[in-house]
Each structure stands twice: as C-alpha cells, then as structure tokens.
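Have a look at these structures, which come just after this line.
You will see two complexes here that share chain A, one where it goes with chain B and one where it goes with chain C.
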Partner chain A sequence: MTAVATPGPVTDPGSRPRRSRGARGRPFGRNPLGLLFSAPYIVFVLAVFAYPLIFSVWMSFQDYFFSAPGAQVDRPFVGLANYEQVLSDPAVWRSFGNVGIFLIINVPLTVVLSLVLASALDKAVRGRTFLRVSYYVPYVTASVAVVGVWLFLFNGNGLVNQILGPLAPDPSWLVNSSLAMPTIALFVTWKQLGFYILLYLAALQNVPKELYESASTDGAGRIRSFFSVTVPGVRPATLLVVLLSTITGANLFTEPYLLTGGGGPNGASTSPVLLMYQKGLEQGTPDTAAAIGVILVILVLGIALLQRRLVGGDES
Partner chain B sequence: MSTTRTRTSRTRRLTTVAALVTAGLALAACSSGGGGESDGGRGDITIWYSNNEQEVAWGKQMVEAWNAENPDEQIKAQEIPAGSSSEEVIGAAIAAGNAPCLIYNTAPVAVAQFEKQGGLVNLSEFDDGASYIEERTGDAAQQYQNADGDYFQMPWKSNPVMIFYNKDMFAAAGLDPENPPLGSYDEFLATARTLVQSGAAPNAIYPSPTNEFYQSLFDFYPLYAAETGGTPLVEDGAATFADEAGVTVAEFWRTLYDEGLASNEQYQGDSFADGQAAMAIVGPWAISVYKDVNWGSVPVPTSTGVAADEVYTFSDAKNIGLYSACENPETAWDVLKFSTSEEQDGMLLEMTGQMPLRQNLSETYADYFTENPAYEMFGAQNARTVEVPNSPNAVAMLQAFRDAYSKSVIFGEEDIQSALEGAAEKVDDLAGQQ
Partner chain C sequence: MFIGSLQTEPDPTVAGAFPNPGNLTTQNYADINERINLFQGLLNSGIFTGGVILCTVVFGVLAGYSLAVLQWRGREATFALALLVQVVPFQLLMIPLYVMIARDYGLADTHLGMILPFAINSSAVIIFRQYFIQVPKELFEAARIDGAGELALLWRIALPLVRPAMLTVILLTFIGPWNEFLWPFLITKEASMQPLAVSLANYISNVAATASNPFGATLAGAFVLAVPAVTLFIVFQRYFTSTNLGSGVKG
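After this line comes the complex of A and B, so read on.
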C-alpha cells in the first residue's frame, strides 16, 4: 500500500513562526491603541443594544414581570405562550396593520419629497440657507411641541377644516378611523423631511457635474436629467433613506400617543411600540411586550432585506 | 512543603480580601437606602409626596412637625419624580430597588401589581396594622384588602367624583343656576341640550375622549356606581358592567356624543376652566383649581334621579404605600400613622380640600365643613364611593373596558351591548389570571 500524501495548504514556511510569535507577543493585535479607542463604543453597544436585545428575547419565552431586587418570584419558562397570546390578540394585528398603513404612506412620500426638495435646494441660488434651515427646524423641534400645532390645525374646529368648509371630513381627521393614521403619516413625513433632505443634499454633491453636461449636450431637459442622472446617482442615499424611514416608522410611538390620545379612535392609530408601552409598563406584562418587540424586529429586518433587493444601492 | 505554604498564604490573603469586601458591603448597606443608621428597623427614612402645590405644602408641614419631635428618626422628603404617570415611576423604582420608604399618592389601581412585584410591605404584619387601618377608615377599608384580607396600602384620601357646573353659563342659557335640573338622565340631557342650543356653551360636558386606561373612571364609572348603588366594575372575580345598568349608563353617554353635547375630539387644556364646557366631572381637588369659575356642584346623575344622599360615585382615592426597599420600616409605620392622625388629616383637608379616608369625616371635622359649605357635599359623598378592581391585572382590565367603551360609546362604531359583553369576557379572563 502506498500512502498518498494529501497536499496541504501552501504556506510560507517562514511565516508560521512569525505569526505565532505575533499572537503571543501581541494579544491585542497590531493596533492595541485602536482597540483601546473603540473599546468604550463596543462596551456601549454591548450594554445598551446587545444585552437588552438578548434579554428581551429571553424574556419573551418566560412568564416574566419586573420585581423588587431580592424578591422571591417565580418566572417559569413558558415556551411560545407569550407569542401565542400576542398573535391571538386582534389589537396586536391591528397595530401591525396600522404601522403598515403608516409605512406605505410615509416611506414613498419621504423619498419623493426629500429627493425633489433636495434637488431644488441644490440648484436654488437665493435663500438656500434659509430654506435648508426651514426644512430642518421641524426635525430638531421636540415632537411634543409641534404636535400642539398639528392639533390646532387638524382638530374639528381647526384651521384646515375651516378652510375646507363643507368638504371637511366628518368625523374630523384625528378622530376618524380611516384618516387618523394617514394624518399621522403626513405629520411624521413633514417633521422628518429636513433630515432626509440633508442626506440627499450630501449625496447630490457626489453626482459628477459632467453627467449633467453630457445629458444637456444630448438634449435632455431638466426632468429627463433628473430621472436619468440624479435618481441613479443618489441610489445609495435612497437606500439609506428608505431603510431609515422604515426603521423609524416601525418604531412609531410619540405621534399616535400625543396626537390621538393613546391610540384612539378605536385603536386606529395604535402602533406596536405604543402597545408594547401599554403592556410592558402600564399593565405589568413585559413578557408579552417583549414578544411583540421580537416580532417587530423580525418584520423590520425582513422588510429591510426586501427593500435592499428592490432598491439596490450597492456601488457594484 | 513550599507548595503547602504558598497555598496557605494564598488562602489567608483571599480570606483577608473576602473579609474586607464583606465589611465594606456591610458598611455600604448600613449607610444606604433609608439615609441613616439602621437600628432594628428604626432610623431616618425617605418619603415621596405628590407634586401639586397644595399637597407639597401639606407634606412640608407634616415633615417639619415629625422631624421636630423625632431627632433620631428624621424624614427626608421630596416630590415624586416626574414621569408620564406616578405608577410608572414607582414601578421603575421598585424594580431598581431604590423606592423610598413611603409614597403618598400611590394609586390603588397599581397596588396589587406592586404587591406581586414584591415591592410593598404587608401592613397587616405590624402588630396594630390592620386594627389601625380599620379603626380609621371604617368599613370602606375592605375595598383596599387583597384576596387574603391583608393590607398592602394605607387608605389615605379620596376625591369623590361629582358634577361641577358653571353658574354663569347656566344663567346665560336661562337655567336656574342655584338649583339646576341635573338629577335624572332626562333632566341632564334636557339641560345639556338647552346649554348647547342656546349658545351658552360650546359643549355641555367634556370628559376626555382619549384611550388611556384610566379615563373611564371619569365618565362611565361614577355613573355606573351611582346607577347600581355602589357596584364595582369587577366583583367576586367577574365583570359586572355588561348588565342593564351598564348599558343604560353607556347609552346615556352615547346620546351626549351623538347629539354633539359632548365632543369626541381631544382637548388640549382644561375645557371647564377654558369655558369650552358648561360642566365637568371632577373631585374636590377642583375647588382650589377653578377659582376663576363661578361654579356649583351636584352628585352625578342616575337614570331615575335618586336622592343626593343616596348617590354613589368613584372614589378617585390615593393611598400610602410602605415599600419593601425601606430599611427602617418601624419608623416608616410610625410616620404613616402620624401622617394619617386626626390632626394631620385635618391639615390635609384644610390645605388641599381632599377628603381623608376616615370614617365619620363630616362629624370629625364638623367645624371645617360648616365654614366651607362647598366641601360639605364631598364630605358626605365620601362614605359612598367605590374603588377600582383590586387585581394585578387591574390596568389591563381597565384598558380592555376603555377600548370597548371608546369604540361603542365615544365613536359609535359598535353596538353597546355587544361591546360591553366583549369587554366583560376579557375582564373575566384577566381576573382569572394571577
């Protein structure tokens, strides 16, 4: 019998001892200072994001409630019971449906409006700074403050209904089961527009001017240039805007809580996060709240992956 | 041999370190929490009280009076930290282990949940615990017992909910401001129509139409208590409200919304103070708040209009909890008794206008009620109040009810009977869970 030697990986015979020495001599790698500088952020991420995320997944499989330190309480493993309870609750389904309506209105509107306005601002000669600040102010203003303005505009006797007169909806915007969520979606779109405009403005700086000149030479007008040069040129930014607006939209809480007083009318504006707040903090059942949270994370991840496929965004 | 010596030396070092750590922890424990040295449950304590102006003033004088007499057992007091609700702040403090010894303004709706969390001390375990509570509060104390008959809360004060009305608006509508017809539902509705149709008031009454779990305690529940002669929302582990009385009360409110006599839109501010409503459904705390309104008060209506001295209502009580994080519970119990003594209850009544949960209130403070006739009816009403469900799931029950009420009564999108029955089913289910 002849032993057949299997060829092993081709390695530089001299490199192994060097690597080994390096590993022994540099337990923190080649740039320990870099590790030192990034350590606080790593610790922050682990403590503030990773640990709570893992803990909430664990919590969703237990009969869990908050208790005083040292209190003897029983928190047995309940398997999928919390998920079964959550998925059999019509209020939970409705909240996911509500946030779906919100995203269908908010995300496309955010992308279109912020791109169009950013393109206009990029070309504006006069008052550019003033306009940029004007769009950005609602974003940096606390929701609690601007919600008051919208309540003034959209309540039954509000300015919008006074202008509309007999065309005003009945019941009014924020107490109308069909219109409450779209009104909230419009509010959030308006409030966050400034941030997304800034993202697009930055992206527009990277679109080569020569492409516009070439398009112009080829006889393309403004609209043709916009669709043939601007839109493809800012595709990575579009993906970012789509992802960010989806993630922030899925975490909707403040606006329905303040605009419609805790999710009314009839829960037509209750979001999953608002429901988590009610169940986890008000009703003392953080286990079911955690189950809603886990489902929400999975759904958002799924949507984000789908969006990445559809919108693209890779430079390659 | 050398190995043995090394091991011995290491063991000794470890023992020394362990001893130092233990001593350090013991010292740290002695100096934390209660805020002073602990001596068999006695020493300094910390308390939180409510943050409204009148109660802060009462709390400060109470603390000063105690501290002057007890130099070795001082109270450190502060207003309850700001949060979206005091129940959430207290729940967080329990979980964090930094709750103070006593919290004034502990809402009964949250007490069973706090008990389940291991956050409260069983007051019945003090030698004179149950007897003190029952002697002071009388029969009403039973509403604050848990299923085992123990007290995890000291019944403190109530704000029996009644109808406030704006005399000027009533006069402008051609109604008698001193004797308004508001006793029966028919009278109330006729008065409400007159107020709105005459243009004297934009709304007859304006309870908050929002969906927070506690809102039904200020529209449906007082009238349900009145209609049933004091039946609580949940009795013997089952919902009561899906009965004829519940439907009658719900239909009354539905009529007000349907005819535009009450608005289903959220109002930012105080509709009664702002002149947006001719009536409000509030407790005696409102007396000091509505100084600029020429108001009168009557009991909540019933379908047939029973006599005022027979009308029940919601208590809107706030109680005192002794929290398990307290290192000096003996002192805390003494402070609790001191702050609910006849003298301090009198001060509370005088400074805040809120009713101490004390039996024979009107007789005990007869002089006060003679001098302040506006409070007299609230004092009398104090004996006829009902409480929220006493269950760890009380908030979930109230939310289930509010969802159904909101849909059927405020927005009229579901049949009232079926909505109440659906809510009752959920409440029964929650009542069966621990």
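After this line comes the complex of A and C, so read on.
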C-alpha cells in the first residue's frame, strides 16, 4: 500500500499495544471469560456467515434443487456446469453490465457530493441541524417508502416530466432501456448520501486544524486548502466510502425490483441479486443462483482490491 | 409524501406539492388499510425490529466488552473476523440462508426466521468495542481490586459509561430491520406475517395497478412506514453523530 502522510489517524485512536505476557501457561489467555462473552458472537458468525458462504460455494458445484424437507435425494457433483450455464446466459452478462453502469455513475457522484457537502456542513454555522436532517432523512426512510414517491415523480406523466414539458424523454425514465439504470443509480446516490456525509463529517473532525492554519499562512485559498489538506486528510474515509458504495451497488435489489417492475424493459435494470432471486427462488434453480453469487463475490473483491490500489490510504 | 397521501386525485403538477383543501381526504389511508393490514404490518415490523435490537445489544455489549477490555486467546482473530464479516454482502448469502432457514429448519413465515440472520450485528460489536476502549482502564482495575467479578464490572461500571454508544447502536440497528425488504420478502409468504415494508412493496408491484388512486394509497402506506424511523431520527439526531468513532470521551 502506498504510505500516505496522514496527519491524524482516523481509525482506532484507543488501540493499545498488543500484550503478549500472561498468555503463556494459560490456554485461553489472562481472562478466559472473554472467550465466553464473545462465544455467542463467534457462533453466530460461523453459523450465519461462514457456513452459508461455504454452502453457497458447494451448491454452485452441485446439481442442487429444492426438495421436501428431510427427503434423501441425490444431488450429483456437476463440476463447472452451473458456471458454464451462467456465463453463457446473456441475461447474466446484462445484469453485470448494469451494475457496471450503476457503479460508474454512483461511486464518483457519491464521493464528490458527500465530501463537498460534508465540508460545507462542517463550516456552516447557521441552519446546520436543519441541513443535516434534510440530508439524512432519505437514508433513514425505507427504500420501499421512498420508491413510492419516485414512482410518482418519474412516471410517464409525473411531476418531473410535467416540469420538463417537451424535453421529457420519450419512453419515460423508468421504462426507457437506456435511462432506467441511470435513474436507479441517481435514486440510490441521493438516498444514501446522508450516511456518507456523516462518515465524512466524522473524518473531518480528525483533520488537525493546525494544517488549515499553516495552509492559510502559506497563502492557500479555500479551494487550494480543500484539495491539499481536506482531500488527503480524509483519504481513509474516502476508501471506506468507495468500498461501501461498491458493496451497495453489488447488493442492488429493492430499487430495480420496485422502481422498474422487476427488472425493467428487456432486463435493462436487472441486477445480479435480482437475477439470483428470479433464478434461485422463482425458477427453482438455486445452484445457478449460487454460481452467480460466487462470481459476484469474486468481482466485488477484485474491484475492492483495485480501488485500494487506486485510492490508497491507511488500513481502516 | 404526506400531502400526496391525502389527495383524492393524484396531482402531478407543481401546484400538487402544496395542499389544496378541496382535494384532501383520508380515504387513501382507508383504501390501503383495506388491502394490507397496516396495524398487523406495523406489529410485524415492530417484533422483527425489536428482536433484532435486543439480540444486537445484549450480544454486542458482551462481545465488545470482551474484545476491548479482557485479554484472552483468540481476541485479535475475533476482531479481525468482525471486520471481515462487514465486507461480506448479505445478499450473497441469501440463497444458502433461504435453503437453511426456510427449507431445513422450517422457519419460513415465523418471526424467528426473520430475526435470525440479523440477530447480531458486527458493526454494533465494533462500535461497542471502540467505546469500551475509551473507558480508562484504571476504572476496571480498581473495581477488580475491590473484588468485583467481570459481570458485575460490566453491569455496574462499563454499561453506564457507554450509554451514548447504546443509544447509537439502538438507533442504527433500528433503521436496518425496520426498512429491510429483501430477507422478509423471501421468507414470508403469508400476508399476516409480513412486515409493513414487504406488504407495501407487494402492494406497489401487484395491486396498485387496479386501485382507483394507486399513488395516493401507496403514499399513504409509505407515510405510515416512514414516520417511526424519521421521528426517531429527528428526536435523537444528535446521537447519530456519536457514531463518530474517532472522537468522544478521551480516557
């Protein structure tokens, strides 16, 4: 990783130096009770994350299908057949492409908007609370509830088209195969913005004020000090925001399902998770759905590593 | 949203964003209540959310405390696990979890099945750990010398000190299950078990097309769903900044 001269460590100010003494001679360490206290959590992680993850990978190599509970059925190992089937399916490619479109719009927009708004909010004196509430309300409101409003705004003769008048796109926003996904990306960006603003606000508290003072002593204006003090100062937070918004994109389900009636015109807004739902539960082929899931995880991990390279930043 | 929910006829013009006394009605609330039982939906959402919050706080405090204060073998590994788990997108587990919980354990259409995958939240564990770390260690040492057991220590000294963390975790946890759609949507097929978000979504995708004023009814349902979360947020909004894990009380 690139070593960045971050002025103030954003993460973990209270972490203590690792203590090795006292572990010897005691099989569970100095306070074995700690293990007991953490046991429910550890069991939970193993049961609800680790086991399903392994189960999912295993399932993707089997000819898996639903059966009555307890019935003994033969589920032969089929090797890569599920993957072959998935990768030769144009609908799958389309859904991954859709997430690509989503990420290209959503991630940069999220980072820029939330950083700029957070630094503005950090400086704003009056109306701070009101502004913060207005950014944050969409985030705390259920997607399902907000979708109702967007459907009202963006449908064929909705408010947005009424304002645009003749400029309105002809097949309207959500039924237009080239506009459906960008509209969803905008929706999600707008909805999640409050959360990321809050993340950046927290990070901004850790940028030392002296740096701004010395920057202005050196004659840097507001814009200059934004780029040379703020942006590098919040780099670990930027990495987190990029990572989280990528994961959000990979998990996209509710918005395309509701906004575009289950995948939109010709699958123009189908997401991989939506496809997993359709294939796994509606069409009863959980094995191919699991294969899509595994491919999605690998892609997300790959993108996350790439982003770390590009954005750099400290371990968070 | 609220105005729209009161309109007899949807008014998609700019003027429609302002109330017009001649066009106001509570009929939409009655309409949506006829199709989906709002009270039952709210009750299910409440049970789901309450169960998740209870488990998250109890087990999160325990794990956070042991990760921050106690020295035991496997502590570092457990913390690394907690960080790692956050990166695993939940939806990727949805097919195996569905098979396990709905098919193998037969928990479809039960509250337990809804709660189980969310019962402990790794971010809550991490938030609690951060707050416990900031409590001066001398406090714990002093109590230990006075002969207090770990549970008494946790209950009498640690918990009162991390009350803001508690509120933060409760509020943040509330948003998740209250607004969660995908998982309850997968495992509840019976309308009487569905949380409000799910029944409203089903209304939007199935019933709305045939209703007389679908937007009004949808917005009425959306309003009922949104009010608890938004109210909690506005009342407690200063605690949302307490998620600022870096600052807070310095030991």
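By definition in this document, the second predicted complex is superposed on the first by the 289 of 316 C-alpha atoms of A that agree within 3 Å, B and C clash if a C-alpha of one lies under 4 Å from a C-alpha of the other, contacts with A are read in each partner's own complex, and residues count from 1 in each chain.
Everything that follows uses one rule, which is that contacts are C-beta pairs under 8 Å (C-beta built on N, C-alpha and C of every residue); 3 or more make two chains touch, one makes a residue touch a chain.
Model, not experiment: these values are computed from the prediction.
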For A:F96, using the defined touch cut-off, is the partner it touches chain B, chain C, both, or neither? Pick first, second, both or neither. neither
Is A:L201 touching anything from chain B or chain C once the two structures are fitted on A? First, second, both or neither. second
First (chain B), second (chain C), both or neither: which does A:T260 touch? first
Answer with first, second, both or neither: which of chain B and chain C does A:L281 touch in the superposed model? both
Tell me the contact category for A:L174 with respect to chain B and chain C: first, second, both or neither. first
For A:A304 in the superposed arrangement: first (chain B), second (chain C), both or neither? second
Pick one for A:F226: touches chain B only (first), chain C only (second), both, or neither. neither
Which of the two partners, first being chain B and second being chain C, lies in contact with A:F65: first, second, both, or neither? first
Is A:G148 contacted by the first partner chain B, the second partner chain C, both or neither? both
See if chain A has more residues touched by chain B or by chain C, and give me that chain. C
Both chain B and chain C touch chain A; at which residues? 66, 69, 148, 151, 261-262, 281
Could you please specify the touching residues of chain B with respect to chain A in the complex? 85, 87-88, 91, 94-97, 99, 113, 116-119, 208-213, 263-266, 268, 324-325, 392-393, 395-396, 399, 403, 406-407, 410-411, 413
Parts of chain C lying in touch with chain A, wherever the complex brings them together: 1, 4, 10, 12-14, 16-17, 59-60, 62-63, 65-67, 70-76, 78, 81-82, 85, 87-100, 103-104, 106, 116-117, 119-120, 122, 125, 130, 133-134, 150, 175, 178-179, 181-182, 186, 197-198, 200-201, 204-205, 215, 218-219, 221-223, 225-226, 229-230, 232-234, 237, 240-241, 243-247, 251
So in the complex, the part of chain A that touches chain B is made up of which residues? 65-73, 91, 148, 151, 155-156, 171-172, 174-175, 177, 260-267, 278-279, 281-285
Taking the complex as given, what residues does chain A use to touch chain C? 10-16, 18-19, 22-23, 26-38, 40-42, 44-45, 48-49, 51-53, 55-56, 59, 66, 69, 129, 132-133, 136-137, 139-149, 151-152, 157-159, 162-163, 198, 201-203, 205-206, 243, 247, 250-251, 253-254, 257-258, 261-262, 273, 276-277, 280-281, 286, 289-290, 293, 296-297, 300, 304
